[in-house]
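You will see two complexes here that share subunit A, one where it goes with subunit B and one where it goes with subunit C.
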Partner chain A sequence: MATRSESGFGEVSRLRGIVFKYLTFGASLVGILALGVLLAYVFWDALGLESAGTAWYLTYTVTLLAPLLGFLAYARDKPEVTAGAIELVGFTLAGGTLSFAAIIVLIVIAGPGVWVTYFLTVVAPVIGLFLYGQYEREATWVGLAMLGTLVVGPIVGTLGLGAISTVAALLGAPGVYFLSLVVPGAGLAAFLAADRFDASRRVALGVAVGLLVLAIVGVPVVDTVPIVARSVWFAVLVMLGLPVGFAVTNTARQPARRAAFALPAIAIGGFLVGEFVVGAIGATQPSPWLDWQFLTSPTSSLPADAGLYPAVIGSVFLIILVSIFTFVFGVGTAVYLEEYAPSSGLLGTVTRLINVNISNLAGVPSVVYGLLGLGIFVNINIQFGPVVYAGIGAGTVLTAAMTLSLLILPIVVISAQEAVRSVPDSLRQASYGMGATRWQTIRNVVLPRSLPGILTGTILALGRAIGETAPLIMIGAVATKYNPPSGLFDTLTAMPLQIYTWAFLPSEEFRYGVVAAGVVTLLIVLLSMNSVAILVRNKYQQETY
Partner chain B sequence: MTTEDMATETEADDDTDSLVTSDPGKGGLSENDDRGTVMAADTIVESRDLDVFYGETQALQNIDLAIPENQVTAMIGPSGCGKSTFLRCINRMNDLIDICRVDGELTFNGKNVYDEDVDPVALRRRIGMVFQHPNPFPKSIYDNVAYGLRTQDKTENMDAVIEESLKKAALWDEVKDQLDKSALNLSGGQQQRLCIARAIAVDPEVILMDEPASALDPIATSKIEDLIEELAEEYTVVIVTHNMQQAARISDKTAVFLTGGELVEFDDTDKIFENPESQRVEDYITGKFG
Partner chain C sequence: MSNEGRTPDLTRDRGLQTVRESTYKYALAGCAVLSVLTTVGIIGVLFVDAAEFFASPAVTFGEFFTSTRFSPNLEPVSFGIFPLLLGTLLVTFGAALVALPIGLLTAIYLSEYASQRTRSVLKPMLEVLAGVPTVVYGYFALVYITPALNVVIGGVNGALGTQFPTLGLFNGLSASIVVGIMIIPMVSSISEDAMSSVPDSLRQAGYGLGATKFNVSLRIVVPAAISGIASSFILAISRAIGETMAVVLAAGSRPPDIPPTQSAFGLLPYVAPGDLLALYSDSAATMTVAMINIAVSDLSGGSLAYQSLFAIGLTLFVITLAMNVISDAIANRYREEYE
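Showing the complex of A and B:
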């Protein structure tokens, strides 16, 4: 005798769900729109698009924009093509970042003498041991040997710096970079060809020899371009050439992905054709602030001559140091707190107290960290017996790097803790149940599983560090510097600092054009840095399934 | 199968004494195993007066139990009566639970595993464990079976050992062409057999299984049951199960735990299922009491 509604099952109200859905949609729309407006605004100014004529716009719409949109529409429902295109673009970006970093670190900052010394004492042995470890999976001493090399190598290198530099000077800078970059690069290429692409020995050897020959044959061509040195050519050939070659080969051997080559073809071809047409019909071109001159010269009192070169180098130097510091200390702290620290009893209370404090530190404003940096790295003078610690200098690379590291360390620790905590306990139990020690469990189960999460957190935190201005001002980093830093104890300027200074100059060209160019450069550096980290993360995500 | 009555609740003390003195020479866990020379029905694991507490609450009370070598011992009892807890005492997995405290004695080959000088890691290398839910590592099938071999430095002839373990676990034919594929793509039953292969690859003396078939369909279950019977030729198997028929089918000895963490009866499986001494056990087995 239950009363039944006429229309069968009746209906369940979804009203609240629908309202919620559109609210979230609206929120994300506002966010994306704000970001889009900001980007359009700075790009508009940085590239000087205002001054371009209608003909210029029309030309590029036809030659570049329309084909690109066409490709996107075509690739929309073809996951393989999309994956191929992403791989091609991603590896090119990553390769660009790597060569950029190599030029800055190996050639500008270190120079051939210092580089070859540490290459021989640290880099080459560590890479050699790593490869041996990959090849001979069961050799458990390899990890220890690598650690030992990392400790002993720098000491040996520092002692032998003079002697090795003298020998390196005889070789000349290009010789050094040829032997230390191109030759190992050729070996790596041959290995990748044989290992990843199942090439025969002959082909693999051919790849290696081909790279060496290309490097040498390229030299006369490079010599005709005045601003590019031979060392730079070698570095770019290896750092950009290998990733691009890898992505191209990988795409070419999968028929379903081959259509992805249309993307670079459209981009390059469209640009060249557009350039030709614009020249032929004499259209007014834009006058970008962001050009080669901007990237290669220091700041100046004339907007047209101003550039960001020392600041770019300074920022990249900083980011490399900060990422090493935060990764080592952040991951170390997180693993200790999650895996080793006692969680019950009196000591457990201490652990909880530390955890709460770390969360609070993550919210402390950056000026406060600037003050801290000023206090412990600059304005300090304490004596421990005969040793006097008087800080590490106002505005030096090391001071800035350590201050920024302190700033983002809590964020890195928290996200790494979260990642470590997300490893299911059943996996730890499985490992202990197999008779693994705690170290083996952490090394083989916990860390591989949590690495992608750890990297995500680190990437976000580094993005924050690279954009910070306030702490740099606090520790006395100078805003106007005409040379890039060449050592840890050199003073530096960084991109946000330089941009900040420009923004208050009276000239309107500075405040709009030059600042916008600086912001775009900062964004590009950030983006390419992230692309490397994301590639590394994806590789680990694949490896751990 | 031996017919002597071992360690029923009332007679436990007398019997266990004689069982210990029968192999007094066996000592520390660091010694090489001399399993081959021991007769089939010797006791390998024995608990005396074992109490386990989680914080203030007691999970096991006065457990006296002698597990015979190279036989299958089943543990049955209602949920929450402490079967898993007992199993975890044997290889000291309880050490990983902060609030867990163990009193009394639990010997393995005559040596109290809770002695100060016993290294729990070394102990777990000789007592393998298969968990209630399949928990393969997010690695390849090969790497899963190789895991214990690598952590225990037993990497000689690894390929052959891995093949043999997978064959013993009745999994080889299904995975031999995809050893480098992720173990997570296997079905639940295959994953559980992989976990068994992983446990036997390192050649332990005792294998502890906590409801290994609870999440499996009848076919996978019967494969695992066959496997357990085969394993008992070489290994000592201790298995927790909620399935009476399963316990009756595969085990030589059965221990019945009841609520409150007490061991009510421990005897030959046939006797427990046909003619148990305790009325409570009979009620539990026939389903009158759970």
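Showing the complex of A and C:
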């Protein structure tokens, strides 16, 4: 024994190494498997799969699951087909998310009058100026004018709100959305066709006219479906139709990728065949908690009537505001710290302190941010001379959005800083060498190169914001609300808050049904947001080699 | 544009350009100031209301930390934070017991054993663990994990004749498990970064001396990356301390009872391990849970309960901030070592 431990030789144990390797491998799977099992349970409960008959499972295994697995096996070692399939699915999900957000913000919350006012005073001028800036690259004033429009536009809009919405009322809601969504959408489609797919001028014009005609021709068809309004049809056509059209065209143009079309074909075809067979043989269907009724009704004390509608609208409204705040301030801070802030001397120490401060802010518990929101937006009363600031209301949309923005801002800043830092310095030097100013370098070199990284980081941080509950409780957001928020200063409820409230109800139907459906809805929203982030990241990785 | 014949107008738009450059610079600097304002806001808000809380005649600074009863709303009110600290300690300790070994082993696997392909699959999947909203974890603990654990405990008691207590509807054990699962990626990703940045020459030297992969992983890579690993541990624990919604749903709203102390040799007071274990089977409210409960019951400014919110918040903020600063300091030292 003594000699062995002295020399150290002969102690090699193959078994110990193998056991350790599999121990580490097992450890890496523990958390993933645990979460997987829990997710399987919650999906099982939310979709009511327990009540489905064997025939239902058999049918869908044969018509949907087996072909899908077959496709996956086929696409495994064909990167082009995989890329095409990811693009098709990703753009569809992204388009779905976009149209969902557009319907909620433009149609449900803002309504045609408010939307058309701010469209005319803010959105249209900014887009116009941007396009002019792309066309006339030497116009120095364009950027400043855009900044000015963003400041002045909302004021003008608020003043002219009454007059413009009266005029808009004459046009009717569908007319407003046709002019403000479908017409610019047609322009965008024509531009994409010409720019990305090298279509001739005539084809591009045909694409634009085709979209307009499709929108109008679709109206009588849509009118036969009672739950889809004309305005919703226009929004979906532009927000979902354009991304899907883009992905389909892009895939169809590359012969190596065309096999990817098998995926949507299998999914849709398998589902339809499955539906038909199940109906024909009369198999017992599952009775899901997560259904159309759940998504369109407010909460209720009866499990069968309970729904998530006000919470879904509240969450989406919240996340759109948070994304605007954090994107502007997060990118601004990151660009300032990386490109402008002095890095040496006394001011350099200040810069370093700010950086340390930001990384520490990212570690502050979310419930403390709730206290911050409570202290500076809700229970406050300060007088600056004649102006009294008494907060912006307990549990209002604006309070919630600003609190959550402060919460995720450090995460957004850190990821944006990394993205800005990863732009090679040689590119900056080249730009300066050609006589560009600092801002021109940032705008034309740094931001375009770092934008994908910034977007990925921002979307992932937004995923955190949409699941946060504690800050919302701290700022006094109400748990039970029967209608969606109607504006910035109305109170709101959000998906995680509703889940929290429901989870304490003792009824089995709530605990294993309604709450499960709420959890699955929240997870699906998160999943579609993250798939957009993955899509952006993939595109970025393709472009950097 | 062919403008060879033209003399470039070097003075073009100079004034406007200067205005533009400085406008953008100051606008961006304004954005950066927001982060400083956030910090000032947090500290200011916490200190102002906490100061009012301690200034009130009903509470004293000493009582806040030593009193063993926390009941902000029931008369007679008492604001002893000690039971809440105990609850936080219980949940954090349990979570650390789950997350630290699993996270460390995961990091070793990812950095030393996994192939490129396995890593590219496992890493995003691990990130998902941290991406699931915490309220969802709380729901899982309440609805699926606690009943499952009770089945297991019943089985063990039946088979071995042991006397483990069955878990209450709300309990510290299920809270510890879900919080542990959610901080695994924090341990594994930071530790893996630290292990990956250990220079390959150290590993090669180990192999050259005849060490096995097992020896190299445990005796060379882990010690070399120990500061990064320690920093990841501290960060994960700090995250567990601040965790709110999962604990609210899983651990319930009642702080743990202070276990009876026994004394060894008539001198040293200690708590029997069995009594400590029993605490996990019952409700174990933490500092964060107490804050949520106060917020749900009473948010009108000025009341003592409202102000106690900020005193607890300040305690929480100071603890997590201190841990983050320590973790940062350790990580910085390690970064210098291999550069």
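What we mean here is this: the second predicted complex is superposed on the first by the 479 of 545 C-alpha atoms of A that agree within 3 Å, B and C clash if a C-alpha of one lies under 4 Å from a C-alpha of the other, contacts with A are read in each partner's own complex, and residues count from 1 in each chain.
One rule holds in what follows: a residue touches a chain if its C-beta (ideal position, glycine included) is under 8 Å from a C-beta of that chain, and two chains touch if they have at least 3 such contacts.
Keep in mind that this is a model prediction, so the values were computed, not measured.
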Partner chain(s) touched by A:Asn530 [first = subunit B, second = subunit C, both, neither]: second
First, second, both or neither for A:Ser343, with subunit B first and subunit C second: first
First (subunit B), second (subunit C), both or neither touched by A:Arg449: first
First, second, both or neither for A:Leu427, with subunit B first and subunit C second: first
Subunit B versus subunit C as contact partner of A:Thr437, first or second or both or neither: both
In the superposition, subunit B vs subunit C on subunit A residues touched: C
Partner chain in contact with A:Thr140 - subunit B first, subunit C second, else both or neither: both
Touching partner for A:Arg201 - first (subunit B), second (subunit C), both, neither: neither
Shared subunit A surface residues [contacts with subunit B and with subunit C]: 138, 140, 437
Complex interface listing, subunit A residues touching subunit C: 9, 12, 16-17, 20-21, 23-25, 27-28, 30-32, 34-35, 38, 41-42, 138, 140-141, 143-144, 147, 328-333, 335-337, 340-341, 354, 356-361, 363-372, 374-376, 378-379, 394, 406, 409-410, 413, 437-439, 442, 460, 463-464, 466-470, 473-474, 476, 496, 499-500, 503-504, 511-512, 515, 519, 522-523, 526, 530
Subunit C to subunit A touching residues, read off their complex: 12-13, 16-17, 19-21, 23-25, 27-32, 34-36, 38-39, 41-42, 44-46, 48-49, 101-102, 105-106, 108-110, 112-114, 122, 125-126, 128-129, 131-136, 138-140, 142-145, 181, 184-185, 188, 210, 212-214, 217-218, 235, 238-239, 241-245, 248-249, 288, 291-292, 295-296, 299, 301, 306, 309-310, 313, 316-317, 320-321, 324-325, 328
Residue numbers on subunit A that touch subunit B, as the complex places them: 137-138, 140, 343-344, 424, 426-437, 440, 444-445, 448-449, 544-545
Contacting residues of subunit B [partner subunit A, same complex]: 91, 93, 96, 98-99, 121-122, 124-126, 128-129, 131, 133, 135-139, 147-148, 150-153, 155, 158, 182-184, 195, 198-199, 202
